[in-house]
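Chains here go by letter, A, B and C, matching the order in which they are written, and residues are numbered from 1 within each.
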């Protein structure tokens, strides 16, 4: 397949090319008060699972709900990310706004992602139920909240990975914005 | 008891008579592109559990949110169904709108039904968290979303059945629209 | 520490002083048709966990959504409760309105509390998924719904307690309404 032919029509399950937005949400990390350790761990897991075909766009943001929502929209709609993974901002503090910012841009919320993270971790970490992490779909893009702790992100991502992979395969095969068969249009934009 | 006396006053726990709306949601099944295999399996389980007293109203619909909501209202409010079970349309695709259509008619959502289906199945089927199935109450009627896969519906229904039975018994004993004891009114309609 | 010095500045994790609102929600218990057995059991657990420093404000209310929300606001905002625990009103009946009344005053909902109560109890009590209990944060205050059954409240509270304690410690250290460091204001009111 020639590179120039990589349009939405060819972005089928066979095409392994994938773009992932990875957003680290932390006032302190984005102010460089401390180093982001969760983001690189997520990148590591993503490269292990998806191989060299994955292109990761790393973003660091403070816990600002408006800016987070804008960034999610930009990554999903303009930059054509297949998957966005966030880390941080899912707790009970006044600056923890990731679930709200995520929910604001979702077309379909997937309650099962946050549920299974909390329920699975509960026996070992009974404070996990303080997490408000969620997930869902916007257009072709799957958006997933992970907790902020570097020790937790890899394990959480592993738990969710089978569903993420099936979700991605489904969203790449389908075109949520396609006209009915007789319409014949293809979606505009970089994706 | 004479048939003509079967009014809401006699629809108590002792009365085994029950009406169930069963809706298969699928563009392709409703267009007869393929055969509905999930609906009949649900009917089979319902007859096993509730015996010959159950009257099932089978409905087949395309994945059209407005029509699904209208049908749920009709079955609950006009046709007096005690229970409505849906199959299909709970996934992440653009045509999967059953949870939205259900939520739009619920008076009380029961998040535990979808939760337990996802959590119970997760170990064997880690992609189950892509399901957005929900449940809840509208008037006297309990509404429950099941997944669309024929292989899954019977098992899911079995998991939920103790809660369905307790919910039905409760909703039949109580009259959600009754006036306070001094009011003395009885609810209108076929139920 | 002198009583007069107990301002928000001194309400840190070191200060063991704690105020808990405990609300029993039941038309019949509040009309004294039967005795509240769940409330005292909750108080017993709270005293065991938090010791003599806990000050419990017991409230008994009918299942009236407006009054429940008003009472939650009063206990959180005016009376400065760190924690509010409710019992009752989480079922599917028309008078079960505790989750709605709670959600109306929450700034951040914590879906994990209700989830884990339902999932944990499910194997033994498969009807537990009929519960709609929720939880969340309003200002400094953590609000938690428990079921109404006297036999269940102590066990449910024990399941949630590690998360409640971590949540309380976090909310006491942080000041959700504090101005940024340069602002220098302290929050008004009794807390």
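The criterion applied here is as follows: contacts are C-beta pairs under 8 Å (C-beta built on N, C-alpha and C of every residue); 3 or more make two chains touch, one makes a residue touch a chain.
Every value quoted in this text rests on a predicted model; they were computed, and no experiment measured them.
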Here chain A maps onto chain C under a C-alpha rotation whose angle in degrees, rounded to the nearest 5, is 120
If you list every residue number at the chain B and chain C contact, are more than half found on both copies (same) or fewer than half (different)? different
Between the Cα centroids of chain B and chain C the separation in whole angstrom comes to 33
Show the residues in chain C shared as contacts by 2 or more other chains, in ascending order. 111, 115, 119
List the residues on chain A that touch chain B in their complex, please. 108-113, 115-116, 119-120, 137, 142, 159-160, 162-163, 166-167, 170-171, 174, 176-177
List of chain B residues in touch with chain A within their complex: 91-94, 96, 111, 114-115, 118-119, 122, 126-132
